[in-house]
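Every chain is named by a letter (A, B and C) in the order it is written, and numbering of its residues begins at 1.
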Amino acid sequence: MSYLEIARLEKSFGANRVVTDFNLGVEQGEFISLLGPSGCGKTTVLRMVAGFERPSSGAIRIAGEDVVGKRPNQRNIGMVFQAYALFPNLTVAENVGFGLKIKGARRNEITARVTEMLALIGLPDLGGRYPFQLSGGQQQRVALARALAPKPRVLLLDEPLSALDAKVRVSLRNEIRAIQRDLGITTIFVTHDQEEALSISDRIVVMNAGIADQVGTPFEIYNRPTTRFVANFVGQLNLFKADGTGRIGGVAVGQGDFAARPEAVHLGRAAEADIVLPATVEEVHFLGSVIRVTATAAGARIALDTFNRPDVPPPAVGSTVELSLSSRDLIPLK
Amino acid sequence: MSLYARLTGWIVLLFGLGYFIVPLVGLTEFSLKARRGVYSFDAYAKIIGDPEFQATFSYSVVMALVTIAMGVLIVVPTAFWVRLKMPWARPYVEFLTLLPLVIPAIVIVFGYIRLYNTSSFLPLTGTATGTNLLLAFGYTVLALPYMYRAIDTGLRTIDVATLTEAAQSLGAGWTTILTRVILPNVLPAVLSGAFLTFAIVIGEFTLAALLDRPAFGPYLQRIGANKPYEPFALSVIAFAITWACMGLIQLVTRFSKHTKAQP
Amino acid sequence: MAAPSPKPRRQLPLTWLGLMPFVIFVTLFLILPTMHIVVGAFQDRTGAFTLQNLRDLNTGTIPSSYWVSVKISVASAALGCLIGFGMAAAVVFGAVPRWVKSPLMTFSGVASNFAGVPLAFAFLATFGPVGLVTVFMRNNFGIVLSRDIGFNILSFWGLTVTYLFFQIPLMILIITPALEGLRREWREAAEVLGASTAQYWRMVALPILFPSLLGTFALLFANAFGAVATAIALTGSALNIVPIQLFAQIRGDVLGNPNLGYAMAFGMIVITAIANVLYIWLRIRAERWLK
């Protein structure tokens, strides 16, 4: 039995069903991401775990105890919001100590814990500042410290990085992951950014239209997407259609549609590749270590990535080339 | 939201609405009671037929129009100029325009009476025309906070600098720019300010009474002391005018929202 | 001799010229008259400097008129804040349907501008000796307002109740944006951290709103303190408050000393200025938080 157990969870707002038959078991200390486009129901699931929304049906158990009937302030959960959720009238230290103060902890106990938390997030000297004096990244760290200070059973992160600029986003997400590992706290992280989810999660739940399409490790999700939606949503994708006899480039692959990641397609004949397609180069983007080439083969646009090599110049636009890939790298799409 | 909270909300809201509506109903009802036992418009008929009402009311209407004209003449060029050439001066100008909210009207008019008496450098109170002018100036001061805020907000929604440069490059002078380019673009804002000014001036009492001008406000107060029903009918009329002005402001702002492209 | 006129030197006065009509107007009809009063408050009849006028404010009926004025202003501002807050909160926090908001705000915009003589008559027609409510209570419940609950429209409470007609809407107009500025995240963050609704209000919402509330109170106070027309039309000279006394002084020098009148006006400016400065300062503080 998992530490956090979500079973047959459903939620409707009026006639509009936003979460359908959602099942998930989260192990103690696991970092799970709910990934999906906006409106897919991921935030609603999180808000039901927090207690801000009441499920239409289904169960949510933390350490075996059903929490559905409990108010948010009785659940002992930590939550970090998208942005601007720090109490503007309290200093950083008072914000971090808020939960403990509510619990009636002694003053020196609070001070000690606040100091510890501020050190953990790397802002030991900012305890006296007010939120409006902090940068966005600093505010979100403080929000994390505030959520963690009362030692919650579960940590919920509701797109905490989406309001930050790109550089801060990457460094903070790594920091969040490091702190989470350190404390071994069970965490659910909601995001619409697939790169974010892939980089820091133990497992990912890809959601679409209120349904959990696929649950798996980042490696599984990326390399073996089980639905067309997951394949499309996570990472870039080239679409291949088999011909009437179930072949692509003369190699028998079976009927239907297939997908291949840009890094699975090679320029020229690669050693392990069995499928070879003639193609015309349409665009070449030199990105530094990687060169992204877009070409058309058999009427389909295909993107592929190739590593930069100083002695090999990128192909010219308009030139005819051969593309190759291994039929083992083809992802059948349902 | 709990039932208790909902209930409290409704009670507070209904109490508040009652607070606003009951006096208006009371006023209207009372104004209709001039004839014993039945409701009638007798009080209204009497008041509208009163030559003094006609005189004071038209006096106040003229005053309001003069005030609006003065306000537009002073505020539009100033707000425009500040936005265009002296943005650093905006806080100071704004502060000055807000002063009439800080200094009570009765104090300002007190100053007028003492400063512009017959023996002063500008003996405005010496003649009727001078006093009328002084009253209009006073009203313009009272309306200044509202007028300036409305027009400055209006100017914010248009790109003053670009419009001006475009007009200049086409050979327009300052007068043309102000009357043909800026004014039409901030017309809704000007109209809002104008209606509010109208509502303020029509019922204004303190300035008119202390400068001893035959305006509507003092007339209303005076007949209140010696007529039974007419002042109430008059108050209904005054309320109606205010509401009409505010309604027009709403209409103008809504209309301007539809016509103006969002930046 | 044709002195070279460098451009920047000519530019500055020309730019200034554009502001001249406004500056002259404001100086003549706002600054100078006010300064005249302020200076006069510190002069004796011969024009020499004195503090005697300010000292004389403490004689006769003047202190009590200030006191009554302050009391009415405080009472109407406090009640206006309380009721207006309740109404705004009911709308903002969804106790009543959302569509109520727009008409309520429009109405408040009108009513907050509605001080004056007609307002006095509206309340006379409602709570006066033969007013709607007075008669209704007497005929239906046998309650005589003036006798049974001591309410008289021509009194301290009568004036306060009348002022509330524009005080409540003003409060609604100003506090609604502040209430809408309370983020849902604050409430939810407090909740997940274990706070009850009461704790949230005590530790987060009210402290955040405090500058706005106090600032609006100051504004309402100044608003009531400077209201002349309503008071005069309602009570004539029955009630001894500063604006009425100053009105009588301007009309007929009832204090027998024009400079004492200046001092009285000066006192009004000081009180409303303090209230307004407090309002502006607290507003800046509130906006800093609500960024």
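Keep this in mind: contacts are C-beta pairs under 8 Å (C-beta built on N, C-alpha and C of every residue); 3 or more make two chains touch, one makes a residue touch a chain.
If you're wondering where the values come from, they're calculated on a predicted model, not measured in any experiment.
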| item | value |
| --- | --- |
| Remotest chain, chain B as reference, centres from CA atoms | A |
| Core chain by centroid distance, with centroids computed from Cα atoms only | C |
| Pair of chains joined by more contacts [C-beta pairs], B-C or A-C | B-C |
| Chain A and chain C, separation of their C-alpha mean positions in angstrom | 54 |
| Between chain C and chain B, distance of the C-alpha-averaged centres to the nearest whole Å | 18 |
| Chain B residues touching chain C - in the complex, by the definition given at the top | 1, 5-6, 8-10, 12-13, 15-16, 19-20, 22-27, 29-31, 73-75, 77-78, 81-82, 85-86, 89, 93, 96, 99-115, 122, 137-138, 140-141, 144, 196, 199-200, 203-206, 209-210, 217, 220-221, 224-225, 231-232, 234-236, 238-239, 242-243, 246, 250 |
| Touching residues on chain C, where the partner in the complex is chain A | 183, 185-186, 188-196, 199, 203-204, 207-208, 288-291 |
| Contact footprint of chain B on chain C as seen in their complex | 15, 18-19, 21-22, 25-26, 28-30, 32-37, 40, 83-84, 86-87, 89-91, 93-96, 100, 106-107, 109-111, 113-114, 116-127, 130-133, 164-165, 168-169, 222, 225-226, 228-229, 232-233, 236, 243, 246-247, 250-251, 258, 261-262, 265, 268-269, 272-273, 276 |
| For the chain A and chain C complex, residues of the former touching the latter | 50-52, 71-79, 81-90, 98-99, 101-103, 132, 143, 146-147, 150, 156 |
